[in-house]
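Chain nomenclature is as follows: A, B, C, D, E, F, G and H, assigned in order of appearance, with residue numbering initiated at 1 for each chain independently.
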Amino acid sequence: MQTETRKLLEDVKNGTVSVDDALLKLKAAPFEDLGFAKIDFHRPIRQGASEVIYGAGKTYEQILGIVRRMRAENEKSIMITRLSEETAVRLRSEDGFTYNPDARFGFFGSIPEPDGIGRIVVATGGTSDIPVAEEAALTAQCLSNDVLRLYDVGVSGLHRLLSHLDDIMSASVIIAIAGMEGALASVISGLADCPVIAVPTSVGYGASFGGLTALLSMLNSCAGGVSVVNIDNGFGAGYLASMINHMEAKS
Amino acid sequence: MQTETRKLLEDVKNGTVSVDDALLKLKAAPFEDLGFAKIDFHRPIRQGASEVIYGAGKTYEQILGIVRRMRAENEKSIMITRLSEETAVRLRSEDGFTYNPDARFGFFGSIPEPDGIGRIVVATGGTSDIPVAEEAALTAQCLSNDVLRLYDVGVSGLHRLLSHLDDIMSASVIIAIAGMEGALASVISGLADCPVIAVPTSVGYGASFGGLTALLSMLNSCAGGVSVVNIDNGFGAGYLASMINHMEAKS
Amino acid sequence: MQTETRKLLEDVKNGTVSVDDALLKLKAAPFEDLGFAKIDFHRPIRQGASEVIYGAGKTYEQILGIVRRMRAENEKSIMITRLSEETAVRLRSEDGFTYNPDARFGFFGSIPEPDGIGRIVVATGGTSDIPVAEEAALTAQCLSNDVLRLYDVGVSGLHRLLSHLDDIMSASVIIAIAGMEGALASVISGLADCPVIAVPTSVGYGASFGGLTALLSMLNSCAGGVSVVNIDNGFGAGYLASMINHMEAKS
Amino acid sequence: MQTETRKLLEDVKNGTVSVDDALLKLKAAPFEDLGFAKIDFHRPIRQGASEVIYGAGKTYEQILGIVRRMRAENEKSIMITRLSEETAVRLRSEDGFTYNPDARFGFFGSIPEPDGIGRIVVATGGTSDIPVAEEAALTAQCLSNDVLRLYDVGVSGLHRLLSHLDDIMSASVIIAIAGMEGALASVISGLADCPVIAVPTSVGYGASFGGLTALLSMLNSCAGGVSVVNIDNGFGAGYLASMINHMEAKS
Amino acid sequence: MQTETRKLLEDVKNGTVSVDDALLKLKAAPFEDLGFAKIDFHRPIRQGASEVIYGAGKTYEQILGIVRRMRAENEKSIMITRLSEETAVRLRSEDGFTYNPDARFGFFGSIPEPDGIGRIVVATGGTSDIPVAEEAALTAQCLSNDVLRLYDVGVSGLHRLLSHLDDIMSASVIIAIAGMEGALASVISGLADCPVIAVPTSVGYGASFGGLTALLSMLNSCAGGVSVVNIDNGFGAGYLASMINHMEAKS
Amino acid sequence: MQTETRKLLEDVKNGTVSVDDALLKLKAAPFEDLGFAKIDFHRPIRQGASEVIYGAGKTYEQILGIVRRMRAENEKSIMITRLSEETAVRLRSEDGFTYNPDARFGFFGSIPEPDGIGRIVVATGGTSDIPVAEEAALTAQCLSNDVLRLYDVGVSGLHRLLSHLDDIMSASVIIAIAGMEGALASVISGLADCPVIAVPTSVGYGASFGGLTALLSMLNSCAGGVSVVNIDNGFGAGYLASMINHMEAKS
Amino acid sequence: MQTETRKLLEDVKNGTVSVDDALLKLKAAPFEDLGFAKIDFHRPIRQGASEVIYGAGKTYEQILGIVRRMRAENEKSIMITRLSEETAVRLRSEDGFTYNPDARFGFFGSIPEPDGIGRIVVATGGTSDIPVAEEAALTAQCLSNDVLRLYDVGVSGLHRLLSHLDDIMSASVIIAIAGMEGALASVISGLADCPVIAVPTSVGYGASFGGLTALLSMLNSCAGGVSVVNIDNGFGAGYLASMINHMEAKS
Amino acid sequence: MQTETRKLLEDVKNGTVSVDDALLKLKAAPFEDLGFAKIDFHRPIRQGASEVIYGAGKTYEQILGIVRRMRAENEKSIMITRLSEETAVRLRSEDGFTYNPDARFGFFGSIPEPDGIGRIVVATGGTSDIPVAEEAALTAQCLSNDVLRLYDVGVSGLHRLLSHLDDIMSASVIIAIAGMEGALASVISGLADCPVIAVPTSVGYGASFGGLTALLSMLNSCAGGVSVVNIDNGFGAGYLASMINHMEAKS
């Protein structure tokens, strides 16, 4: 690495590049070679060889173009979030494409083997939260995680949640997804002994204010180990959960 | 009842009052005798012979004046809410006065015997919610209710709440009091089979926004049987709980 | 009750089950047998044998499936709230189905005889609040309550409300439903001597903010005995009113 | 009127002022003489010869200075709103000064005779709203209006309000002042047949949000003839009520 | 007036009605005869013989029914606000019907002669505010007021407003209608010497928040004589302006 | 200039106009001639000879009418913002018309030569912000500015932004356009040494609240030199940037 | 573990406890022994043997009592958050007590050796955020983490942040703490390759709204791997960071 | 400039530094020498040789330390904003220190000669806005600008503002400062032909919500050329105004 800068310095040493020209070159492009450019390229390697495209607002042609360029660069697998069904239908003919319409989640490649520390539990308060949950679960699976889905275990029927106590207590990371009053995150983090990522959803009506109530509620969770992502941000939760589930020492 | 109007009509019949004078009298005071005035006076009888004074912003002299007038009118017991400790100290010399400084709740008389349908459970999420809870509990007790206090049973330590499952399932009415994320109301109403009155408290910091988060969360409770009163309104919850716990047929 | 756990202990006593196996069994399923599972099943018995399905977002097939399973389990009557007209039309061929399009409320079975303590009054501020009111009224009727509808008695024409003073003063529970400024709940609870359940509606424009103004207004009601449910939550109000109207001692 | 401009034009006609000088003079001071300056000076004449000083944040010396300058300009009476008690004490030695500490309202001069169209009714929901009400009532009185105070006639005890029905129905303008849920304005405007100026107050706690709830509630009043001023703005309401009560044709 | 109650009392006096029957009758219908019922019926007489129907959410059949009943009761003119174009088209065949599609305002009858104290000025900040302004202006005209329209005189081009200074200074009442930042109300009330009714509109984008910004801005107007109605409430402003413009002494 | 007033004064001097008539004329139209009217007409001259029409809510006929009148008055170039594609299609036949559908920006005339102090940089956080950015960029170009577009340089990939450091540090004015968390404005103003105009966009979901989060974030920028315009207000930013980029001494 | 239940079952087997008594005992205390009670007691073992007391609102006597009981139960180290200086002074005489007044953080015991996966970086935008940062950093240290503090590296002086690029890129977990516009979290997560816990602070004025702006901004971070805790919740961030930094497989 | 990097490259060329060592050195400190570090140091030169200290929350000792270090580095003049009077009193003994208590603004050095393009006008709506205005005005003066103060020219007395029309029309930049409804910014930008920086202030009560109303109002200004800074941010406005008033081409 840093071979370009090394080359430049060697050229200065050898006299093939003048000090002034080297100075100019260093100033003009300091970020490509001195560590920054790696940001984009070393991630796929560590996160399970998956890249992601945010599909909302992109045309079929734009998405196809990005996919083809990525594949040319040898990306083994590609996630597409917030992908409309219309566009997904047109992508079907592409090699290795699968689509989950609930989660509006497309995927190129095959789900990799889980290689994380433990299991990620994705829990929802109700059945209406499932699209967001599927986005989280599929994201985590595409990033090489073992995922367990516990759907419709909201606090108004506490026994449903408690009958999965073992799953909750043995989880590595839990993604707690709920709309309405968002109490699920607090209850789960009171039972669990691992990081809990809370995802408020826009499910509800009236004073749920499009997810604001669940969001505020989750931020106020008095149980330790809870943190919150944006309303309906299943992808963000799945991505962060995978990051935590792949924690390891950096030399 | 309505004896004054009856008397007036009889006077008209007897000729001791002219039609014009009767007309004037009926128009001038139609609300005292025709049903409205009962609103103020029949309540004490049905609610356990207690009257209430809202103490906030009233001086010692004002409160004392109201108390003495009420006692002259034979009110057996009088509650004073939001009563400052300074004023309470000066009221101590009055006959039969007791004061709870946490709840800022004063009382003239003796706690009446419970005569409600069942037991009112007052539960709080944390220890900081206790002042509001005591206001609710004392109000209910002064209105002739059997009250059980379950404090600090918040959802971040669910086993504490669950160890009181029998109390919750056998309650007549439950007052669920919590700040922060307010999840207690949802969890309790998922376990209980009776009306749950949720009281958000201003306990918390940051995104608790002085109780707004707990308030919104409680309004969104997806469990049935929950309704909500104003932030920190312990009196209102205790009063309503007593009303429900004394339900009976009106002939 | 608790026969399974009793059986298990007897097996331990008899030596037919080892202590280790018993320990495992207790841990694996503590909630089915120790009191929790009853939560779901004893409710229908006490609330008038009606079960409820939240219809919003469910397909015709899903609803039909749930209905058939419930009927197989001998549920005598089933309410479906927020049921779209399209789905209702397709359910018409089912036995014993009726539908109220205003309230988007479907019902399987026949309205049971009232058996509550007294009468539930459902009052609205305007004619636009009627859909929410009908949801509340039909819910209460399906749960065996005598219901009186007082529609369009808002405070801008106070005499309309006052001409029903007797109904208000003799009610067992009142559901006060209003949008705009939501003053109806305060006025009614000032006149009545029973619990008042306030339902803000999203009726209005401009600074009504989709029901928020009515919600806040109702929470601030200075009259005693008022509590509030979520915006447009007619079902929740009807369910709670029925609960209160069926209060009785638990042995 | 406009004598200066007339004089200037006559000077131009007479040749004593050149066209260029006149042009300059017209441009430099177009607002003093061409109608604008009257804005400040004809108001006292029509509004009852009272001028107003906003006392908040002004020192004793500043206020005294303004008062003395006004008196030198022959202002017969001067109102000072939001005047602190400390400053008021120091103003006592001034001639003709009176002070109402509740309303934090000072006045130089004597209350003028009422000369409006009819009577202004100032009504409050509770006793805590009285300071704002007194500011409104004193303002109206200082501007030559007959004022009737109806305090503590809130909607939670409707009979108190209804017993003043004659006063309400015969009022010329009504100022309805309330905190908490602010329902008073709606109820009064449903009973009255005159303009109702609603003043939300910051009285309340919890979800009253410093007067915001009353404000929103009043803006949503479904009764005709209601308009709203800022929270706690007693002066503005009194001033506007006087304006309306002195309506007359402008030739 | 009160002839029914007088008759009843005379019957009691004459012995044709017993005291008990009279008592019952007085209780059953206290509001029809003792002053309340007049509320609905004396308004048309004083306000220019126009009645109003709120058209939003009403079907053609409902509106037609109300109109026909009113006409049978001799209402000379009827306003219909928020009337959809579809319904208006179907009403065209009715006698004496006119419709303004911008304001969504329908009218039965002919515009009456102005008989108010002076002239009502309706001013808007921009052209997009005109529909709300027309609702206000037509309402005021139907209630017998002389109306002057000053449209698109917003503060970003102050000279347009100032060129109408005479109109503003001679107005009896001004309705100031603006969206965006709502500054028009403050500027006009700084120039005028009469009541200013401010109407925020939902015109704008981004941080105008559907009229909330204009609403808050208008409530904070530091000029005297301004009061505010709900967002887009042109009818309310026109109705109140007419009320003020018809102020007269009540005997 | 001011020739009309000069003429009037000369007529007074000459006796052809009486003092009274002159007085009336001065009062009736003081703003056309005494400085105000210039506001509308000297702007085009200084801002690059472009006039603007706000296209939202205007019909094809209205826009065409305004355009033709302006062209008759010799406006060399005309911008139309928020112009729908439907209307743009119909304007195509007009001479010299171009249209950018992304920015919904129409233009009559040819882009003038840049004549500002330096270069305006238009930067966006993401690709979804480009429509707003194009409105800003095209506005600035039509007002004779050299514009550099730096799109999709959001802070989540900081190296992309930093690789344009020279452009940022040499800019005359920077328009920073971002939705979501709006951090771009802070980061850019920390790097740049020139005025930064921040434009929040409504891009985002959940807790972006239609641009409110970006707006608040930008207002709190702790870096100096940042100011903010309304959400999505690309035109306002481009106009202000041009104003700043054409700063020069006024004699 | 579960020795009590095992003992009970053995007693049943042995006949020393009857089935009925065992049943009662299991029902009365199902949560202490069947898995729940472990929640409280196994945490210290895994999290570095530290327990925490929330000091806000607790008296010296209360805190001392809790501390002594914990120490009696062999807790090696105890954290006290939000501990007032007054109380801290009185705790000084206790054995092994240290106090950080900035963070209002007390500690009994000695900071344990770091044993996490890697290093936790605690970064702040400004110097005013340091108290919250110290609470986070001390919490993490007391839970056996290696902590690096990077204070005052806000985005308005980006070079300060970038000069620590190596620290950021090699961190195991980063806690990003900022008030005002909260952009720090986005910028850091764009540079880092690890979980970022964002802590909004109440630092700021005006439109920072007590931390709300930073909170919303952080929730909208478009960079992956960011999650958010409550405003000023340094302890929560430190606790969660430690949890993530001690991730390991559960058998 | 960049002498250190040049030196390093020359050392590489000369062989006194190895390529590896140079590479390490470049990576370790890329921001000090490659352009970033200049950010801090070239600003004083262009902005009039003044540096600024944000005084809020800093102790006397901290401020004194910073001042002395700056002076040692030859800063000719230093501004201190939000400086408490207590600290200012103790700084008096320092050489060349002046203090404005209204603006809480301290200054070391002497006000430099104006050298900007034109004059900056600082206008306020009321007298209560003056502290913010003085912070803006003094900041601009310390940065070498000619400043004209127009205080108390709010829109409720429009003639006061209009009598300064020449000042407004000839300004180079205008800072419009107002609380309450914030209309000043719109009115001024409608009159002026230069950039207007709007500063909302927290002056007001009730629905001014601590400056939020003025802030929103200013953001919605429909006049071109307006941008907004944070509530009460006088320094930010003065700094930006100076930046604009010193615009010049960068070679």
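What we mean here is this: contacts are C-beta pairs under 8 Å (C-beta built on N, C-alpha and C of every residue); 3 or more make two chains touch, one makes a residue touch a chain.
Everything numeric in this text was worked out from a predicted model, so none of it was measured.
Enquirer: Mind listing the chains that sit against subunit A and also against subunit H?
Expert: Intersection of subunit A and subunit H contact lists gives F, G.
Enquirer: Using C-alpha centres only, name the chain that sits farthest from subunit G.
Expert: Result for the farthest chain: E.
Enquirer: I'd like to verify one number: the distance from the centre of subunit C to the centre of subunit H, where each centre is the average of its C-alpha atoms, in whole angstrom.
Expert: 60
Enquirer: Could you please state the distance in Å, as a whole number, between where the Cα atoms of subunit G are centred and where those of subunit H are centred?
Expert: About 39 Å separates the centre of subunit G from that of subunit H.
Enquirer: Which positions in subunit F touch two or more other chains at once?
Expert: In subunit F, the residues touching two or more other chains are 27, 30, 35, 39, 157-158, 190-191, 206-208, 212, 215, 219-220, 224, 230.
Enquirer: Among the chains present, which pairs are found to touch?
Expert: A-B, A-C, A-F, A-G, A-H, B-C, B-D, B-E, B-G, C-D, C-E, C-G, D-E, D-F, D-H, E-F, E-H, F-G, F-H, G-H
Enquirer: Using the touch rule from the top, collect the residues of subunit C that touch subunit D in their complex.
Expert: Interface residues on subunit C, with respect to subunit D: 125-126, 154-158, 180-183, 186-187, 189-191, 204, 206-209, 212-214, 216-224.
Enquirer: Per the contact definition, I'd like the list of subunit A residues that touch subunit H in the complex.
Expert: Touch list, subunit A to subunit H: 2, 5-6, 9-10, 12-13, 15, 19, 22-23, 26-27, 30, 34-35.
Enquirer: Quick one: in the complex, what on subunit B touches subunit G?
Expert: Contact set of subunit B toward subunit G: 127-128, 157-159, 162-163, 205-208.
Enquirer: Could you please specify the touching residues of subunit A with respect to subunit F in the complex?
Expert: Against subunit F, the touching part of subunit A is residues 28-32, 36-37, 39-40, 57, 200, 202, 210-212, 215, 230-233.
Enquirer: Which stretch or stretches of subunit A touch subunit G in the complex?
Expert: Against subunit G, subunit A makes touches at 35, 39, 42-43, 46, 117-118, 165, 169-170, 172, 190-191, 193-195, 197, 215, 219-220, 224-230, 236, 239-240, 243-245, 247-250.
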